[in-house]
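Once you scroll down, you'll see the structures, which are given as structure tokens.
Each of the next two complexes has subunit A plus one other chain: subunit B in the first, subunit C in the second.
On to the complex of A and B.
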């Protein structure tokens, strides 16, 4: 009889995040309304504290725990650090935004912590049960957070749309999982590959496609991206910021892990299929972003396009480990630049009451520092030096060129980068060239400023001195291969 | 006349039919509650698959799943039942809010945002 587990410390990051979530929930019940700031502080500091156990596990592994249900390797750990940091930044962005909420302030932060918990489990999923439960936990918290502004019809609409698409996608994915179980007799992700290869059938391909549909919904991949613009526009802006980074990166990690196993159902076809999906996703996101007048909606399409860029890394990773390295690097940069762009959008929205591009008019005169920060994020999203986005795209496209026949992916990526320059610079044009209104910008809350500073330092540091992160990304990508 | 004993294929066909009906309901229903029911059908179709595979063994020759030897599918089905309940609760809460702010439960009429 094997022991159920040998080392509980391997899930210490998850335990800490779960403890924080419950602590926030209890604190909200016990303490009076006047303590709202302290409750937000508890959530933020708790998530920062959760970075420590994760960091202390670095280099342990790859090991699988709980009879193979839970994997710990450097890839999972790097992603957990990323998710926890993104969660902490979202707390900073949310604290003042939700301060006026009639009810549900504490629950918001508790749910955000549960969301981070779900993402951490997604990064470590070793079997399909854990994968599905983590996937659902992240979805359910996501539905609730998107609909969090109870009296705002747009927020309700965002919640409903996210729920309908999400529940349908997870139903399809679960059916695919049940077929995979029947075909292979195992739920362990590692065990799937050999057994699928041993008896390949059409049904295996269908099941794999169904699983991909669920994961594709999570990362907003074409043709499962239709929910993204409406949900991103309607959801409260801090929630949108987190939805655009957290689930996307966690979903990609699952695609890397799961598709590596289930591509055995049709090893010749799957890379081509994913490559095609990556190209279509990039073009869909970028072409539809061009005509958007609302910055949140534009960033939604931009995030669809980024799912496409990141999928390039997934395809290349099957042929060359540099693909996964580039994917991890770009994922880290993407989280910080996107959160930063949303933080600026949040400030402008708080000032003008909407997030239209015209609200950014003359921001360079009204708030030069803010306009400069937004410019850095936009340059990074486009992929222009000296930002992290440039290095990330360089690594991704470079990795694609290094594999024969995949240079087409790099070409599509470069064309898309050129397209994206147009709509990103549309915001810069509004900020620098359009005349400013009368009003001066109000003082920006301290917490939000802190989030902004972290984002901009991270984006610039990764652009100017990318070596540290490339090493981390390289180590993470190696961990997966050796398992 | 005796009917053939009920075996794995029967369960799989039933599950496939249920899944198709659920998906059809999700695509065509004009009422949010109807959508929710469709989603439940899809999840329960997967549950039937999981339990049937667990009981009768897998499809392929290399699966090594002896009849009744495997509990994974049963456990998974129990988890799915719990998750489906959570999902339904959250879905109903969202639909209720929507009805209170917009006075409709037809997802097609909820379209303040387009393109």
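On to the complex of A and C.
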């Protein structure tokens, strides 16, 4: 019987995040209501601090711990850094938003930390049980957070919808996992390929498809995207922001891992299926986004479209590591540009009481800096230089072109990029071309400003000086090959 | 000049520095300062482009004033700038027209800060396109020039500005995305992988005519043809040019269109000589359609600005005809081929000169339309009459520019159009013969317009119109002077252009013969 684990430091990021979550819970119990700001600060600083142990593990591995249940490689570490940073950004965006909450302020931040924890475990999942438990933890925290404004019927609806769809999806996934276990007798993701190859059957494909369905729901991939617009619209805006980035990236990473694991035994139809799903997902998201009048709904469809773009990276990863490199790069850019766009939407919402596009009218005159920042995020989401979104799309489409026949995927991406310009520019149109109302914007809270500054600096830096991130993404992408 | 002074970088980024200063100024209290900062920044850029001529060797082929630094080593992207006889005239045209546009735009009173900021960003983008020698950098600048134009049309444009702005943006983005795919395909064909244009042209990674090369060629074609714009991709142009504010139209017609034709000559021809030869006939036909169709559309307009906009489709058709002739398939004896080589060079020289001339002439014409619109708030040809008596200076400047545009000998337009026809004739006899009809139609609609606007009985409604003011003269007189100068003595400009054209044409001619040989064997 081997030792259960040999190096506890490998799991230190998760330990730190969990400790912070509990600390926030205790602090909320112990300290009076007047200390709300400090509790948010604790969560934020804690998540920033959690970046350190993750960063210090960089380059370790690939190793597995807990009898193969827990993997540490550069891909997992890069994703953990990303999730923790996204969590910290979300704390900045949430602090003032929830300040007036009657109760549940501290619990909110604790749950957010648990959400980050779940995503970190998803990134490191080495067997199907850990994968499922992490998946469920992220889902349950998500349901709760989506419904956090308990007096707002829309928020309740969002939580309920997310829950019903999520419960069905995770049920299907669990069924798939049980089939895989029945077929192979192992839960370790790495061992799946050999065992599946040994007794190939239709059932193996069905089981893998069921797992894909569960993960597809997580990333809002067609045809499992139906929940996204309603949930995104109803959930509190900071929660929507985090839902649009965290679970999506974690789900994509798991799809890559599962695909890589079954690659040896799976038929070559798999990349074709994923490619088809990617194309349909892109078109679905972009075409439906055009008609939206609500910015949160529009960004929901835009995030569906982005799941499609990112799936291009998954398809290419089947053939060569540039796919994963592009995926990691784009994922990082996507997190910052999407959070940035939501931060601006949050400010406008706080001012106007709704998140309709018409509330952005004349923002360029009322708050020029804010409008300029939003324009940068929108251009980045479209993929126009000199923003990170451009370099990300260049890498994704370039990766597709580097594989014979996949240039069609790049072509689909290009067509979709052109479609998306229309609805992203619709917001720019409102901000710059439509007349302004009388009122100037109120002061933006400091925490939110900080989140905006981080996002804008990140998006521009990744566009103008993408060398560092390209190298990090390249190193991360080698993790799969060497395992 | 100081050795190693990065003169091109300074020139490209001077407007960007100006933009940052403009953004730091207060939009209500510092309006005058904002205007002057913009004028100084674009003026500095203009002076630097002239100063670049000092170290520039006029007769040398190949890239000059090069700057090359690693940028994204992981992707082999370099920061690589340089100019040659092809880009140098366009660079100076850009800095001149932008400077004049900024000065002309002093009369803008609405949201001055944003206007000047967008204009300066636009200048950096345009200059970057003409100086970039790395595809990544080239694409970045190409797109950077797109965004400010969207806002310039959308905010300061005419009644249908929103529609025109988004149509312009989506149309050109479709083109540039097709170009991006082509660039990526070229990148992944090269060995070692590189985005460097000079290196790629040396490597010839996509030589020959295969399915892949064909796709890449048409990818680039779409990107450039939409920008030119060639029929049938021209429909964004009348909307954008008509709705844009005066200075925006000047820049659109004067420079942004040239990015398309420049792309053909800088990228398509040298990078894919066989494919260019193979498809040259199609390009020539499309160019012919653009010439005739653009002219006929212009003839049908009742709005002066729309008339000039459509005349751009016609004039850019001449450029593309010259480009097509330069790479046309030809066969024959050695002596015949040598003669054809001269013809190719003449056609391409004419095409490049036509880019410069069209920028000068149409730039001036759009300024002049702005002059009348600012006063009368109308642009209908039929609404005027006898303006020559009321505004004699305006009439003189306008009529000179129209004459230059319709190709009157002695003015700039004639030289380049004549060279295009002269050079193309041995290669495409029928197409040139039909294309000359375009010149006749052009003459017809310009003369008709002059007659109805400036001559005839005076419309008493316009009795009180004032003649051109100092700002308007400042913007247009230098352009008219250039029309006359190039019309009378084009040699200084042609000498620079020719230095870049000759080696390119020699290479194209070889490939055109090879392609002809292949086709002959294939058919026989």
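By definition in this document, the second predicted complex is superposed on the first by the 478 of 483 C-alpha atoms of A that agree within 3 Å, B and C clash if a C-alpha of one lies under 4 Å from a C-alpha of the other, contacts with A are read in each partner's own complex, and residues count from 1 in each chain.
Just so we're on the same page, a residue touches a chain if its C-beta (ideal position, glycine included) is under 8 Å from a C-beta of that chain, and two chains touch if they have at least 3 such contacts.
Since the model is a prediction, treat every value here as computed from it, not as a measurement.
*Asks:* Please indicate which partner A:418 is in contact with in the superposed arrangement: first for subunit B, second for subunit C, both, or neither.
*Replies:* A:418: touches subunit C, not subunit B.
*Asks:* Touch test for A:402: subunit B only (first), subunit C only (second), both, or neither?
*Replies:* second
*Asks:* In the overlaid three-chain picture, which partner chain does A:101 touch, first (subunit B) or second (subunit C), both, or neither?
*Replies:* The answer is neither, since A:101 touches no partner chain.
*Asks:* Would you check which partner chain A:140 touches, where first means subunit B only, second means subunit C only, and both and neither mean what they say?
*Replies:* The answer is first: A:140 touches subunit B but not subunit C.
*Asks:* Quick one: is A:206 in contact with subunit B, with subunit C, with both, or with neither? Answer first, second, both or neither.
*Replies:* Touch status of A:206: no partner.
*Asks:* Check the residue A:174 against both partner chains and state whether it touches subunit B (first), subunit C (second), both, or neither.
*Replies:* It touches subunit B, and subunit C stays clear.
*Asks:* A:19 in the overlay: touching subunit B, subunit C, both, or neither? Say first, second, both or neither.
*Replies:* neither
*Asks:* Given the superposition on chain A, which partner contacts more residues in subunit A: subunit B or subunit C?
*Replies:* B
*Asks:* Applying the document's definition of touch, where does A:51 land relative to subunit B and subunit C: first, second, both, or neither?
*Replies:* A:51 contacts neither subunit B nor subunit C.
*Asks:* Can you list the subunit C residues touching subunit A in their complex?
*Replies:* 27, 71-75, 111, 114, 136, 139-140, 143-144, 146-147, 150-151, 154-155, 161-162, 165-166, 169-170, 173-174, 177-178, 180-181, 184-185, 187-188, 215
*Asks:* Using the touch rule from the top, collect the residues of subunit A that touch subunit C in their complex.
*Replies:* Against subunit C, subunit A makes touches at 364-365, 368, 379, 384-386, 390, 394, 397-398, 401-402, 407, 410-411, 414, 417-418, 421-422, 425, 428-429, 432-433, 465-467, 470-471, 474.
*Asks:* Would you pull the subunit A residues touching subunit B in the complex into a rising list?
*Replies:* Residue list for subunit A touching subunit B: 128-129, 132-133, 136, 139-140, 143-144, 147, 150-154, 156-157, 159-161, 163-164, 167-168, 170-172, 174-175, 177-179, 181-187, 195, 198-199, 201, 203, 229-230, 233-234, 288, 291, 297.
*Asks:* Mind pulling up the subunit B residues that touch subunit A in the complex?
*Replies:* Touching subunit A: residues 12, 15, 19, 22-23, 26, 32, 35-36, 38-39, 42-43, 45-47, 49-50, 52-53, 57-65, 70, 72-73, 75-76, 79-80, 83, 86-87, 90-91, 93-95, 97-98, 101-102, 107, 110-113, 115 of subunit B.
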